[in-house]
Every structure is written in structure tokens, then in C-alpha cells.
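One chain, chain A, links the two complexes that follow: it is found with chain B in the first and with chain C in the second.
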Partner chain A sequence: MRTLIIIAHPELESSNLQPFFKAAVENYSDVNWHPLSTDFDIEQEQKLLLAQDRIIFEFPLYWYSAPAILKQWMDSVMTTKFVTGNRYALSGKELGLVVSTGDAESSFQAGATEKFTMSELMRPFEAFANKTRMKYLPLLTIHQFLYLNPDEQQRLLVNYQQYITNPRLDHFKDQESWFENELQNRIEATDPHAAELQQILDTIKNRQDELDDLQWNLSEMKKEEDS
Partner chain B sequence: MRTLIIIAHPELESSNLQPFFKAAVENYSDVNWHPLSTDFDIEQEQKLLLAQDRIIFEFPLYWYSAPAILKQWMDSVMTTKFVTGNRYALSGKELGLVVSTGDAESSFQAGATEKFTMSELMRPFEAFANKTRMKYLPLLTIHQFLYLNPDEQQRLLVNYQQYITNPRLDHFKDQESWFENELQNRIEATDPHAAELQQILDTIKNRQDELDDLQWNLSEMKKEEDS
Partner chain C sequence: MDENTWLTSQLEQLRQSSSDYRDQAFYLALNDFVQEQSKRMEQIQRELDGRMWE
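Entry: the complex of A and B
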């Protein structure tokens, strides 16, 4: 799966979060890190988009939307001819948003300071995905990155890696298999603890069937309780 | 009441709608027609905003939002220091949006091609008004201007004039008094039919009390029926 990460950040050199994310995915050969500038070639950008399976818009929240640099790029590159008409060039590809904000998660709801949820505020992107026949992914929102402790940062890093590289984000089982692959890759990358890790991985795989059964039973029980 | 109309249109010279709107308000001395360019002075723009009672963002819908030129201007001019902090420079002022689109009104709803209502798509502006303590006005959306017949265009023109110049948009009674003022202004502007118009205006004024009673009775009856 090929993923293009379109970074729309007018002050990229002063961002704390973006270098953290960049480092998290630099070992994935199918991931393309693509910071926007105001100067770009429309045809080249369109060609780049065509080669992807997943397209990510990654930006800090500026006035409840993306910075102008992303809109400028969208207004120019996403021509009607390119994305609709007979071609629907982006049809079937996935669109994900990675949005960072200095405000707390609890502020984004009715009655709180920001008044609307992030899903509501990102409607224009959802409408764009709808119009261009892309599959709109659940948002990945990062609230107050600088307040995260090392454990929380580590969890965020893994979530981000999954968001960028996991072909299927929506199921528990697919997350498990993504972890298995990650572990296998690390073992193959001449890890000094290879034997130990291989043993862990084998154990995980053996227990996968057991876990699947458990997961299914749990979800059924939960449904019964909820109804 | 002083109104600033901020025009965000990258191809203003080829717009059919904007000259129509410009002509509709050019005789109002308290209305400031302000087309954006990419080159502006932040302090001068802030000073201009401070002098207004109502601020209008007027633009064609580009990918379910304003063209990038407006976001660029907002991201630069609407600094945190200016609009929040101790100053809340725009507090109490009104924010209105005049949005034009080539798609039909019926397309903007769940289940239709555009999927979301215009109110939903404009949430980022509503959130902006909320944050800056402005009063967010109901939208004025123009669908498929080129399909309007002369009568519909005339109605749109009057709606637009009200949207720009009527201090209170929300009540039937205030619309009536806006029309009275408009008529009075035209009589004073040495109209050849002055006497005739004055007679009409007097009749309207005399009937105002009667109309108010009728309006109130109607709305009470309607409430009873609805409940």
C-alpha cells in the first residue's frame, strides 16, 4: 500500500510534532513525505496523487480548518477535470486527515469553548472525499502534543504508524496482524534479540485464533447488554 | 450601521454575480466594498475591521469552503492577539457569509450529491465567530445565479441589500421598517413620482399597526396548530 503524506504547515521548521511523525515513518519505503510549498507543478502533483492508495492531509488547525497553503494547493491541483468528469482520478483511494491542535479534546463539543466536534469542523474535507469518490478515513487528531508524557508519545507514534501504513484501520484483527508484521520486520532487520522476538511472535500467532474467538464472544455479549 | 464586504474571489473580473452585487450597494455610503488581493497590510486590515459593525465574507464556494485567498488573509490578519486575548477586537460585531455556488440548493442535504447542508459546511466560520465573540448571521447562499430569471434576480438584489444594510435581519417587522426607510430615501432623492410614493409610504405606515397585530395573531395561531 502506497501512502502520500501531504504536509501543510507554514512554519514546518518550528514544529515539534512534524519531525516526530517524520521519524516515525522514515523506514517505510512505501510512504512518501511531501511538505507543500506555495510553488508546485500541477501536473506533477496530479501524477504523484495517481500513484497512491492512501492520501493524508497533515496540518495544524488554523481557524478550524487547514492552513491556507493546503487550500491553495487543493484549489489548483484538484481541478474538476481531474477529480470528477469522466475520470474520477482519485476514486477508491483513501483520504485521511492528521490534525494537530493546542486545544484539549474536551473543548471540541457542543457547549464547550470550541463548540463543534472535529468531525463537524472537517466536513468540507468529508464532502470533498464524497465528491471525488474517495474513502474518508476516521480522523487522527492530536491534542496538545507538548503535554504528552513519553508513554503517551509512544502510543501516539504507534497510532500514527498504523494510520499511515495499516491497509485496514477498522478492525481489531487487522491491528493485530499489523503488529505481527511490524514485529516480523524488526526480527528480519537483524535484531540482536531475534530468537527471543521470534518466540514472542510465534506465541502471538498461536494465540490469534483464541483471541479472535474471544473478541467475537465479547462483542456479542456487549451487543446483548446494550440492547 | 457600517458594513465591510470582504470579497474573496480569485477571478473577480470574470464573475457575473459580483458586479451585480457591487451595483446593488454602491449608493450606500456606510458600505465598504473590499476585494482581497494576496498583498495586504495586516495593521491596516485590522484597523479597517475595527471600524465596522457588520463584516461580510463574500465568496464562491471552492471545495466546500472559501477560496484560499480568504484563508490566507484570515490566517494573517486574525492573529490571536487581535481577536482573543484581552482585546477581543471583533466582539459584538456581526459576521455574515455570502456564498455562491453552481449547484442547486436541493443538492446540499443528506442523501443528495453534496451530502451536507451549507450550514454544516460553513461550521469553521461559525466556530470562528464563536471564538471571536462575533454574532454569526444566517447565511445568504446564492445557488445557480445564471439560471435566475429577471424577477428572481430582482428579489435576490433586495435580499442582498437587506443582508448588507438592514441592522436587524431576523424579524418581519424590521424588514418592513427597512423597506419604509428605503422608500423614504428614494422619495428624498428627488424622484419624479415623489408625491405618489409619499402617499404609498403613508399608507404603509398607517397600516403598520394593523399588520403587526395580524402578524402576531397569525404566529400564535400557527403555534397552536403546530403543538
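Entry: the complex of A and C
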């Protein structure tokens, strides 16, 4: 799966979060890190978009939206002909947003300081995905990155890796597949702990089979009770 | 040692012995995943037991 991460950050050099995310995915060959500048070639950008399966807009929240550089880029590159013309060039691709803010998560809800949820604020992007026949992914929002403790930062790193590289994000089982795949890659890369990793991988797979069986038994029992 | 305790201890050891930040993060997140797997198995097992006795 090929993923393009479009970074819209007017002060990229001073960002703490963006280098953290960049390092998180630099070993994935199918991930393209693409910081926006005001100087771009429309045809090249469109060509780049066509080659992707998942497109991510990644930006800090500026007045409840993306920084102007993203809008400027969208207005130029996402021409009506390109995105809705005869071809619907982006149809079937996924659109994800990675949004960071210095405000607390609890502020983004009815009755709290910011009043609206992040999903509500990001509606224009959802409308864009709808119009262009893209699949809109659940948001990945980062609140107060610098307040996260070291373990929370590491958890965020892996969440981000999954958001960028996991072909399916819907179910717990999709997470399992991602972890299995990562373990397998480490084993094949002759990690010094390959033997232990293989044991861990086998155990996790067995447990997942067990969980699948339990879920199946439960659904059968529910069916019997309903009939 | 039960399976969950064994997995947790293995993953903690791997995390501690790793010098790469991304590997440390991976083992931490994998450990979280293992705990969630256990929780789900226990929850479903409890629900199955409960329904059998209804």
C-alpha cells in the first residue's frame, strides 16, 4: 500500500512533532513524505497523487482549519477536471487527516471551551472526500504533544505508523495483522532476537485464533437464543 | 507462568534491551495489544459462561 503524507506546516523547522513523525515512518519504503512549499508543479503533484492508495493531510490546527498553504495547494492541484471530471482521478483512494493542536482533547466537545468536536471542524475535508469519491478515514488527532509522557509518546508513534501503513484500520483484528506483519519483518531481517520473536508471533497468532473461536461461539449462541 | 505473563515479560525484556527508540515503542505497543487481547478473551468467556447459566 502506497501512502503519501502531505505536510502543511508553515514553520516545519521549529515543529517538535513533525520530525518525530518523519522518523516514525522513514523505514517504510512505500511511504512518501511530502512537505508543501508555495512553489509546486500542478501536473507533478497530480501525478504523485495518482500513484497513491492513501493520501494524508498532516497539519497543525490553525483557526479551526488547516494552514493556508494546504488550501492554496488544494485549490491549485485539485482542479474540477482532475477530481470530478470524467475520470474521478482520486476515486477509491483513502483520505486521512493527522491534526495536531496545543489544546486539550477534552476542550473539543459540546459544552467545553472549543464547543465543537474535531470531526465537526474537519467537515470540509470530509465533504471533499465525498465529492471526489475517496474513502474518508477516522481522524488522527494529537493534543498537546509536549505534555505526553515518554510512554504516551511511544504509543503515539506506533499509532501513527499504523495510521500510515496499516491497509485496514477498522477492527481489532486489523491491528493484529499489522503487529504480526511487523514481527515477521523483524524475524526476516535477522533480528538478533529472531527466535524469541518467532515464539511471540506464534503465541499471538494462537491467541487470536482462540479469540476468533470465542467470538464465533458467542455469535452462534446469540443466533440460537434469537431463533 | 501463564501465557499472558510470559508474553508480557518477554516484551518488557525486549523493550529494555533495545537501543532503538522505534523498537522500544513497538514492544510497548505490542504489549498493550497483548493485554487487550487477554481482556477481550476474558470478556467473551464471561459472557459465554453467563449465557449458559441463563
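FYI, the second predicted complex is superposed on the first by the 213 of 227 C-alpha atoms of A that agree within 3 Å, B and C clash if a C-alpha of one lies under 4 Å from a C-alpha of the other, contacts with A are read in each partner's own complex, and residues count from 1 in each chain.
The rule we apply is simple: a contact is a pair of C-beta atoms (placed from the backbone, for glycine too) under 8 Å apart; a residue touches a chain by one contact, two chains touch by 3 or more.
Model, not experiment: these values are computed from the prediction.
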Touched partner set for A:225, first chain B, second chain C, both or neither: second
Chain B versus chain C as contact partner of A:211, first or second or both or neither: second
Which of chain B and chain C A:50 touches, first, second, both or neither: neither
Which superposed partner A:158 touches (first chain B, second chain C, both, neither): second
Which superposed partner A:104 touches (first chain B, second chain C, both, neither): neither
Partner chain(s) touched by A:71 [first = chain B, second = chain C, both, neither]: first
Contacts of A:120 with chain B and chain C, given as first, second, both or neither: first
First (chain B), second (chain C), both or neither touched by A:194: neither
Common interface residues of chain A - those touching chain B in one complex and chain C in the other: none
Residue ranges of chain B in contact with chain A within the complex: 10, 62-69, 71-72, 74-75, 78, 113-116, 120-121, 123-128, 130-131
List of chain A residues in touch with chain C within their complex: 23-24, 27, 151, 154-155, 157-159, 172, 175-176, 179, 182-183, 193, 196-197, 199-200, 203-204, 207-208, 210-211, 214-215, 217-218, 221, 225
Residues on chain C engaged by chain A in the complex (per definition of touch): 3, 6-7, 10-11, 14, 17, 21-22, 24-26, 28-30, 32-34, 36-38, 40-41, 44-45, 47-48, 51-52
